[in-house]
Every structure is written in C-alpha cells, then in structure tokens.
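Questions regarding the structure given below will be posed in turn.
Which chain is which? They are A, B, C and D, in the order written, and residues in each are numbered from 1.
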Amino acid sequence: MTIPPGAPDRAPALELRDIRKSFGAVVALRSGTIEVHAGSIHALVGENGAGKSTLVKIIAGLYRRDAGEFRLESADVDFTSTADSKAAGIAVIYQEPTLFPDLSVTENVFMGRQPTGRFGRIDRNAMRTEVDGLFQRLGVRIDPDRPADGLSIADQQVIEIAKAISLDAKVLIMDEPTAALSGVEVDRLFQIARSLRDEGRAIIFISHRFDEVFDLCDTVTVMRDGAYISTSRIVDTSVDEIVRQMVGRDVTELFPKQETTIGGPLLEVEGLTSAGVFHDISLTVRSGEIVGLAGLVGAGRSEVARAIFGVDHYQSGTVHLNGKPVPAKSPTAAMRLGLALVPEDRRKQGLVLDSSVARNTTLAIREQLAKFGIITSGFENRAARVWASRLEVKTNALSTVAGTLSGGNQQKVVLGKWLATEPTVLIIDEPTRGIDVGTKAEVHRLLSELAGQGMGILMISSELPEVLGMADRVLVMREGRITAEIDRSDATSENVMFAATHAEEQHS
Amino acid sequence: AAGDSGSGGGEGEGDGGNLSITFLPKNLGNPYFDTSNAGGEEAIEEFGGTFAEVGPAEATPDGQVSYINTLTQQGVGAIAVSANDPKAICDALNEARDAGVKVVTFDSDTNADCRDLFVNQADSEGIAKVQVDLIAEQIGGAGEIAVLSASANATNQNAWIELMKEELAASHPDIELVEVVYGDDDDQTSFDKTAALLQTHPNLKGIVSPTTVGIAAAARYLQTSEYKGAVALTGLGTPNQMREYVEDGTVTAFALWNPADLGYLAAFASKALIEGDITGAEGDTFEAGKLGEYTVGADGVVLLGDPYVFDAENIGDFDF
Amino acid sequence: MSSITETTPAPASVRRYRDYDQPLWKRVLLTREMAIIALLVVVVIIATMTIRGFGQPITLTYLILDVTPILLIALPMTLIMITGEIDLSVASVVGLSSVVTGVLINGGVPFEIAAVVALLVGGIGGAINGFLVTVVGLPSLAVTIGTLALFRGLAVGLLGTTAVTDFPEFWTDLAKAKLGATSIPLAIIPFLVLLAIFAVLLHFTPFGRGIYAIGLSKETAAFSGVDVGRTKFILFVLAGLVSALAGIYYTLRFGSARGDNATGMELQVIAAVVLGGVSVFGGRGALHGVIAGVLLIGVLASALRLANVTSDVINIITGALLVISVVSSSLLAWLRTQRQTPAVKPSAESGAAG
Amino acid sequence: MSTATTTPTSNVTKRLGAIGKARELGILLALVIVVIAATAANPNFLFSADGWRDLLLTPSILVLVAVGQAIVLITRNVDLSVGSVLGLTAYLTGRLFIDFPGIPIIVVFVIAVAFGGALGLINGALVAFAKVPAMVITLGTLYAYRGINVLWTGSDRVNASDLPKSFLALGTEQFLTIPILTIIALVVLVIAGWYMKNTRGGREFYAIGSDPAAAELYGLRVTRRLLTAFVLSGALAGLGGVLYAARYGTINSQAGSGWELDAVGAAVIGGVAIVGGVGSVWGAAIGAVLLLTINRALPILGIPDFWQRAVVGVLIIGAIVLDRVLAVRQKRKLIEARDDS
C-alpha cells in the first residue's frame, strides 16, 4: 500500500476493506477497498458500474454493507442511516443532485440543521448571511430565496457543493461533482477543495475526467467490476496506466471524429425567444455535421434544446426540419418529422427509472413497433436487444429495472432509446456526462459514425475537449444568447471560453 | 358457526309454520326504529317466533335491496320493512314473495303491488292535520312558517307536507309556508339548516319538523338562540328526546304515535299472513295481542290509530 | 499492484441478454394479482362449505347484479389511477346520468334516446374533469372532489323530491334477465365486452405503454413523445362514459331514478381497485387483479350478510382487508431486503484484491 | 458577484413572497365577497347576534380538522380517516360523561385528544413502517374506525340531555362575542401556523413532502415526522370530536361521516398542494371557513336547497382555478425576472 502524502504517520481518516454489497442477483461490490488520509484529495476512478457510487453510499450510511471492514480514524463504525454518517463528520455530494424543489435555495442548504433561537425558532437572518458568504466564496450567482424548482442540473450541483462544504466535515466525498459543471465553476470548486485539504480534511473525488483527477488529486484508487485494483500516488502514475487498469485493455483515440462530407441544411432555427431563458437564437445544423453548443452553466443551452424539440414553449421564432415547419409544443410531431432529443437529466427526463431496460429502450418507438395497433413484450425485447448489445449496456437481462443500472449504463439506455427512433437530426445534451472513458470513446465513435451516415447532430456539452474534438462548428451561448460561431479549424479552448465568459470579465 | 346463526331463518318449511320474522328498518342506529323493532320483538316473543333485525348503515334503497335478497336466500317467513324508496326495492320484494316470503311494510310504504300489507302509523291526513293544528294554535293562526323535513325522497314526509299545504290553504289562509328544507335525518345537517332558516326568514313565526331527528335538532338550536320562545316549534318527536325542551318551554307540544305499537302490530300482521289467517285483502281481520283486533282497509292498509299529542302535562308518563 | 491488474478477469466484451431474469412461472404466479385471485378462490370455497345458502346459484345472480356497476367503473378507474391520477366524481356521474334518464323519460322521451343523452352527459362530465386536470393543470384529487359535489348537486337539483319510476318493462326486465337457463345475469355481457376492450388498450397497445410511462415518470413520458395531456383527457372522458353507463344500468335494475343513487360508491370502487394491486402513486397494476379485487369485496359482503353479520362489521372487514392486503405485500418486500442485508459480521473470506 | 445579483435577488424574492401570500389572499377575498353578498341580501347574516355567532361558530370544528389534514397533506400524504376519528371520539366524549358522571371536562378533553392521537398513530405507523400509500391505509381505517363506531354505538345515541350543561355551553357560549369554540380553533391555528413556519420540525414536513427520497438522503428523521403528522391530524380530529359533541349535543354512530372530503377540500381550496411541500395551515383554515360559509350563505342568497351542493362544487373548482392562475402568473414573472439579473 503506497503511503500517500500529507500525514504518513497518522492513521487513515477513513478506511474500508473488502466491502461486499449485492442487490439481489447483482453484485455491486465484490471487494471495495479504499484508505483516505486527512489532508489528502483521493481520486476514485473506474468504469461505469465499477461500484464507486455504491461504495460512497455505504460510507454515507445509505446502504449497509454485506461484509467487510469500515473504520473511521481506526475506530470500527457501522452506519444505519445517513444521519449517522453526518454526525460522524462525513459530507457527501451524491452523483445525482437531490434538492427539495418547493423549498428555497437557502433552506435546501440548511435543511435539518438550521440555526435556531428561542423556542427553537429558526433564525432566518443568520441563515441568510451564512448562505450569502458561502455563495460568495463559491461565486454562485443564484438567488438564495428562489425555490430550487426549475434550476438547471448544473445550478443544483453547485448548491449540493455549497451544502456539503457548509457542513465543514472531516471527510468530504464528491461523486462526479463536475459532471454538470464547466470551466469556471470547476476551477472555483478546486480552489475550495484545495483549501479544505490544506485545513487537513480528507476528500474523496470521483470523476471520469482525468485532466481533473491529475490536476486536483494526490492519490488515486482504481476499481473495476466492484473490486479494488490499485492505489497509487498521482505523481507515480499516468493516464494510460490508470485507463489500462480501469478497463483492463488499452483505449486509444478518445475523440475519433472523422471528416464527413457536409450536406444541405436539416435543422433551421430562426430567432427563437423565450422571455427570461433565451433570446433570438438562430442556428442551422446540416446533414453529416456535428454542431457543438458550448457555454457556461445556466447559459440556457438545455432550454433551447427543449424548446426546439417542443417540450418547452417559446414566445417567438420558427423551427424547420428538412424545410418542414416543426410545430411548437409537440414532441410527438417533432419526433415524426425526425427530430430526437437526448435530454440533460437522464433520471428525470431520459428514463422511466422503475421500468425495465426493454420498456425504456422502446418507449419512443412504441408506435412503430406495434402491428395493427397491438404491441407485445416480444416486440419490445427484440428491438431492445439490438441496442443493448450495440451499446454494451452492463446488465444480464432486458427485464432489469433501469433505475438499478449505474449512471453510465443508464445513459447508454437513453442513447439507445433515441437512436432507435432513427432520427435525421439528433439533439444531444451532455452526451457523455458521467460516462467512463471506454464508453465515452464508444459514444463519440457512434456519434461521428451517425454523422457519417448523414445525420445532423446538435451536441450540447460542458466539456471543452469534447466540443473541440467532436464539433465541426462550435456555437457559444452566454446568458441566453449566442455570442460566437467558431469553425472547427480555428476553435480553441481559449476563444470558446472567452466567448462564453466574456460578460463575466466586464461584470467584476 | 356463523352459518348456524344464519340458518335461524330456514328452520321449518316455508309454508305455515315458519314464524321467523325479520325487521328491516330504513337504517340501523335510528332510535325511532329501535323502539318499533323492540315492539316487534315483544310481539314475536309473545307468539313464539324468531325475531331478527338487519339493515344498511345509511338509509339507501340499494342497501336495503341487498338485505332483501339475502333474506330471500335464507327463506325467512316474513320481512317487515320500512321502505327507503317506494319503487327501488319493489322487484327485490316481489322476488321474495315469489319465494314464499310474506312482506309487510310499516312506517314508510312501497307501491301497493310489492307488499302484502302496509301497517300505517296513522293516516297521512291525520298526521298532517294534527301538526297544522298544533302550529296554528302556537302562532295564533297567522304568520310565516317553515318545514324542516327528512330526506328529499322520503315517501311519507313528502306525502304529509303536501297534505299540510292543502290543510293550511283550506283552514288557515293567514299562515304562509315560506320554505321546506331537508335535514336528511342527520342531526348536524338539521341543526345547521334550522340556523339558516331563522336567518333567511327574519319574521318566521314557527317551524314544523315531521321527523324525530329534525325536531330534536331544531329544538336544541332554538334553546340556545335568541329566538327561543319567539319562534314556535312542533312536529313529530319522541318524548325522551323532547323532554327537556318541553320542560324548559322551548317546545309547547308535539305529536307522535307509539312506534313500539307500530312494530308490535307489524309483527302480528306478519304472523297472520304467514299462518294464512289473512291474505291482505280488504276486510280481513286479525288479532294483534294487547292492541286488540284490526281490520285491513283499502289496498292492504292497516291503520294503527290517530297520532298522540305530547305536552308538559303528559310527557312524564312516557319513556321511549 | 499492477500484477493484480493482470489477474483480475476483464469484463466479457460480448454480452448475451436474457429477456427476463426470472422464470415464467415466477413472473406469473408470484404477483400481487395472483395473491388476490387466490384469496378470492379460498373465500368462495370456505363460504360455500360453511355458510348455508351460499352455494345456491341465486347467490351468483345477486352477486353479479350487485357488483356490475363497480366492475364497470373499476375499468376506467384502473387506467386513471395507473397514470397517477384519480377520479372521485364517478359515483356522482352515476347519480347524474340516472337522473337525466329519469327526467327525460318523464318528459316523454323514449328510453333509448334518454339513455344516449345520459351517456353524453357522462362524457361531458368526464371531459370537464379532464379539461381541469390536463389543460388547467389542477390536481385530479382536488378537481374531482369539486365535481363530486357539482354533479351530485345537479342530480339532486334536477329531480328534487321526486323519484322517476316508470321505465319501459322491456329494459328493466333486460337489466335483470339471465343468460338462457343459467343463473348469470345478462348484464355480464356488456361488462365482458368492455373488459376485453380495456384489457387490450392497457396491456397491448402503445397507448397503454404510455399510460404506464406517465404513471412512473410524467416528465420522461413527455420527453418520449407521449402526449400526457391527451392521454389523461381521454381516460377521464372514458371514466365519465362508463360511469354514465353504470348509472343507466343502476336505474334500470332498481327501476328508480333518484338524485342520491349510488352515493359513496366512489370509495367502494377505489378500495376495490387498490385491493386489486393498483398503486395510488401510479405506474403499477393490472386489470385481472382489479376484477378479482371487486369480486372479493362483493363475495365477502354477500357471504357475511348470509351469515347474519351486520353491515358495520362488513365495513370493518372490508377496511381491514384493504389495509392488510397492501401492508402484507410491502412487508414481504421488506422481509426480502432484510434477508439480502444480514447484520454485518466480520468478513471471514478476504476479497479478490487488497 | 453577489452585489451584482442583490437587486434582482431582492425583487425576485418579493415576487416569491407574493406567491405565498396571493394564494391565501385569493381565498380570503372570495370569503369576504361571499359574506358581503349574503349580508347585503340579508343583514342578519352578519349583524344579528346569532348571525355573527354562527359565522364564527359553524366553521370552527372543520378548521381544526382541516389544519391537521393540511399538515398531513404537506408531507405528501393524506388522512381520509378524520371523519371516522371525529365520530368515534365524539361518541367517546358522550360515553365518558354518561358512564363517569361528574368527570371534569378538562379530563374528557385530554382523553379524547389522546384517543384521537392514538388512532392517528395507527395510521402513521402503517404508513411509515409498512411503507404503504397513506391514501390506501386511511381509506381502510375510514371504513374500520367507522365500523367500530357503529359496533360500539349500535343504534344508541347520546342526547343533549345526557351531557352536562356546562359542557354544552362550550358549544354556544361567547367571550366578547367570540364563541369559545372559535377561540380554541384560533389558538390551535396560530400555534400550528407558527410551528410549521418557524421550526426545524415544521420545515422538515415541507422537505419530506417536497421530495421524500431526498429527505432520506439528508438523513432527516422521516419516519418520526410522518408519525408526528398523522398523530397531529388524529389528535386534532379528536379535539374536533369533543367540540362536535359540545356543539351538536346529539351523537349517533354516523357523526362526522363525509368530513374527510370536506377537510381535504378545505385544505386544497386553501392552497395546500395535494402533491405535498406547498401550502400553509392558514390557507387550509380559510378554506374551511369559506366552504362552510358558502353552505350557509346560499339559502340566504335565495338558492333553493337542492342546488346548494352544485354551487358548492362550482365554488370549490372556482377557488382552485383562481389559485392556480395566480400561481402560474407569479411563476412566469419569476422566470422573466432573470432578464433583469
């Protein structure tokens, strides 16, 4: 076991050994092992379904381990509820944000531990001042008094982070906190993480983005198929090394977008406007083309996507597909015309979590599957199997409940569901959020292959390398407006970021 | 075990002997019917039959139909029923009769063709007249009055109210019936309806409530309100419920027949039918224990007698 | 460290997907629906053996006559509740359609036309519910509490004290007629037809798939091209129509149209549907379970009445049954999870790596 | 940063607060209109001693039950058994006075409230531990409790004459022209309102209703809160039962049947969301007053007895539609507010 930097002599702040956890037939964790020291940021990496989140949830006291050892500062512990872990000084940012939509942002941050005065009366002012300080520190631009309802995933994630930090716990665990964030927020988060480390906290950081892992962490533990593989100092290892350990094979060429012959326009959006969300959006997606839509969190990209697809309403503007007008407010019509949208929030918008993989994969094509208006499980399974195997979804039966798949595998099911509709234009919002390298390459290969077949793709992504690697053209949005259109050839992280953040410079 | 208690009805073959008589009131939990059923039980013990009492929780016809069906299946001797609807329970009753069950209605009748006998507590004219006379006397023969009735579909209630209107028009032209409201034989509803009545009609002189639940609720509202003594109240009530209001002067007089006698008579009528002494034809006569001999009138109606008027003098003599 | 990397098996690159992770018999037999059906069978057997008079065919006749309205309304109610909505106004629609029929008959309109108008009224009633829920976007529980009062009020208002009782012999007889020599009422036919239609609609059409999707995740359904509003609207209209049909049957069976007909039946229907395994949170349930639920309540009631059990005890039993049935099923689920997560014991076997 | 947002923040905030108020205000407005209309048609409605008294008295009991219902609804549950609980406790109250002559009134209150709480606890336990939808559980106990009541009461009934005068007086007497019942209801309302708004417990009810799963992740004591909510609802229904006995004097086995729909209706009219997390006990209380005041106003406005139910239905729907319209307009303002940020 490599001795991580920080405090070699002291016992690890958190230590799990050979943790076992299975859900019915599914073995999520075979031998989960991790050892985190105070004053260290410890990366936990692994393919989708490797068991990272499960391990986290066991630490959080959400699941109880079937077997294995669990120590806090070398004292055996056994949490039966998340309250226990909180009490023990463990703060967790879960992979999927979980806020109370009807409550104000402030209340969300302090729920269950509000500062109280006489007769247990909640001291609202104290709460407010504290949250203002917190948000300033994090540079959050969200009104603390608005309800959490209607916030973007990104904004929600930011609030989760604020919440976890405000707990000022001994151990802070972040399960893919950056999946929804882009540049600026990530940098801020890292600053704070570092200062916490220097205060002597232990931090676990889960991410599929190796640049982040190498930038932030000092130690990295690799998991595969629910088992512990290795722990090493960042300085002693390399991306290729880790990737090999993760997937047990070499992965080459992360962004294999091949040149395609770009044809005529498929999707034409003219002056789309929705008060308060986005303004005068005009864009074109041509056949064989991948258009990247970059921007900061809250720029309104997802709203634009949703409006084009007809889920959200908009005040003015027109959408045409193959020259035919796409009626507003009707996804059904949009789908018929050949439009598909892989939404940003897979749990709320992409999947029917309690429904089987088969049902999920065929939900969008149920009409086409039906013969004489009749549809049976047989039809569904046949269609679903095709996409499950093509995307290598990690499950053994098509009847598996989608909610029990790992984050990445859920994303694969959503992808399959929409590719099954054989769209002419595919709008895809955060295509590889929370997807491991192997799958990511998979997805990118798939996208460029589809483009090669003449499909038009509008790709919203907060991951710059992805945008730069995949897009033929990059559109940049800021505060609901398109601020730049940059061609693949001269798109650089610098000029994209500048267009995305330009206003921010002027603000301060 | 449960089966045995059910079979009580079945013993003895359907003809002649089967003296198992079941009382089916409008609904359970209604003291008025408790009293009448008690009377029925008393009678049945006298002539050595089997008494039973079943009924729905709410006063609905479909509830009664289920029970009539069940009784038919059990093959009881006779059903003594107070109908929640004159027609809705007809077919069920006729099926029962086809199966050899005798059907006697009491208190509230069905159409004449779905029962063998109707034991009438007092002919509607008599009931309407006594209440009109009482209220007229109490308000001095002139002014606005209102009626607080039971449910909007209660056969007997509506019949009486019609006759009251005629009687008023005929002999008390100065009395104006301004409104009829329905308390659904529910205490709380009747209570609130009384409150509404008094406010809606500022110069109301009197209230007539031809239902035991209604008159009690109305009396209780008056008792604590500014209208006590100012607004007269009469109708049909039971002495036990009305005693305190009569004694404290909220109510001067009200009327009723003796429900116990009603049940008693219904039981003997059933017996007479079962044993074939009578068929329900006009002119048939039968013996009704302590009440003496009764004669079946036109379309199978047996009349118990005239309603009795209770007031401060005599109310002490009664306990039901 | 790296040595471990070699030894740990790489994930099978080519996956094979089974259709189901459980054998057919398990999927069919170990369900809530089957449990209710089994319970129904048991109750029938016990009643036949112990309760005198239950065995005779007439029991079946009365049973079916009694439960037919509930059976009918349970069909659309099941679909509505699977979308996660609810319709409390069904019983009031029964009353209203009954009254409308009566009023028209009084006005000398031939029964056939009166019935059609009553159906229309029911459909409109359902459309009002549907409009308020889907277009205005109000919670169905609240809306239908309102229309429960509204429709009942209209019914009572239209007829007042009177009760219409003169319906054409032909139809009233038909409502009680039996299938040939059997003791099965004719009324079962229209029900069976509707049952077939609703079963296919719910279990074997894209529309039905949409219903389940809405119940489990409204937003995902909308993103997947399920027209949530349209689907729910259609279901509420269906509920209105079928309730009106039940109202007409009710009127004919009792030969009397009254404002207070079928008061409180909505709770009976919902109780039966839930007993049949439909989740009030939506997304779960199947028609065969619901039918069993309705029959179970009906059979219990008729058996207990025959055993001279009073109506209030019957209510207690119905209520208890409802609670027990749902509690037990979730208790079983709980026990299963307990077995999977035994108390943590120091692990004897050491993991694959570490 | 934060300075850049303070301006939009504050006015977004104001608008948000406005939503909360507007919901209650809308209903309050409707209530005022009804009262004015009725009084115009007949001054006695407000300006006679009895008119004034009944205006306050009639809704008092439903207010109590509706407050309990609101708390349960806010946790994304529902309690359909309140009517049966109320009936059962009302009869218990009567029996106590009959079987233990001279029993102190306060003792009766305590026993009845405790009993109601116990019935609520049964509901809560079944919901919280067996993880069964509250609607099913309480629909079951609605039948069961009522059945027990009928079994126990039989066709017996408690008459006003069986109850001590001093107790009945509670149901009608006034203190500075305000009926005692109303005062009790108001006190309960104020306490409940304060608790729901200003304490951790209260806020956790909202959190649980807003997203139960998240509440678990937070480590909120969900089970305990649910039990509390149902016990409160039961206890308030119990209190309602005692007051019912005092007000109406006569109690049979059907007392309070059908109140569950009134209570839910009142809460919903008052802007409490069926899906939980939203609303206030104040709204529910106003909803209750509106519901019953309408009932009493209709005959005065000359609407015949038979049509009242229909009108009530229309008004319930009207109220929630109005409520919805207000909410939607506010939400749109909130989104457009982003433009100024």
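Here, a residue touches a chain if its C-beta (ideal position, glycine included) is under 8 Å from a C-beta of that chain, and two chains touch if they have at least 3 such contacts.
Here the structure is a predicted model, which is why all the values come from computation and not from measurement.
Relative to chain B, the most remote chain by averaged C-alpha coordinates is A. Taking each chain's centre as the mean of its C-alpha atoms, chain C lies 29 Å from chain D. If each chain is reduced to the centroid of its CA atoms, chain A and chain C end up 40 Å from each other. Spacing of chain B relative to chain D, judged by their CA centroids, is 37 angstrom. Chain centres here are Cα averages; for chain A and chain B they lie 74 Å apart. Chain contacts: chain B has residues 28, 57-58, 152 touching two or more partner chains. The set of chain A residues touching two or more other chains is empty.
Residue positions of chain C touching 2 or more other chains, listed in rising order: 156, 160, 259, 310-312, 315. The chain pairs satisfying the stated touch condition come to A-C, A-D, B-C, B-D, C-D. The part of chain A that touches chain D in the complex is made up of residues 60-62, 81-86, 94, 98-104, 107, 111-114, 116, 119-122, 132, 135-136, 139-141, 143-147, 150, 275-277, 507-508. The part of chain C that touches chain B in the complex is made up of residues 50-53, 56, 58-59, 62, 66, 156, 160-161, 163, 165, 172, 176, 250, 254-256, 258-264, 301-302, 304-312, 315. By the touch criterion stated above, chain D contacts chain A in their complex at residues 1-2, 4-5, 8-9, 12-13, 16, 198-201, 203-204, 206-207, 209-211, 213-221, 273, 277-278, 334-339, 341.
Interface of chain C with chain A (complex): residues 1-2, 4-5, 8-11, 13-15, 17-22, 200, 204-206, 209-210, 212-213, 216-217, 219-227, 283, 340-342, 344-347, 349-354.
Taken together, the chain A residues at the contact with chain C in this complex read 17-18, 20, 22-25, 30-33, 47, 63-69, 78, 224-225, 227-232, 244-245, 247-249, 309, 311, 330-332, 334-335, 341, 343, 348-355, 358-359, 363-364, 366-367, 369-370, 373-377, 381, 385, 388-389, 392-400, 417.
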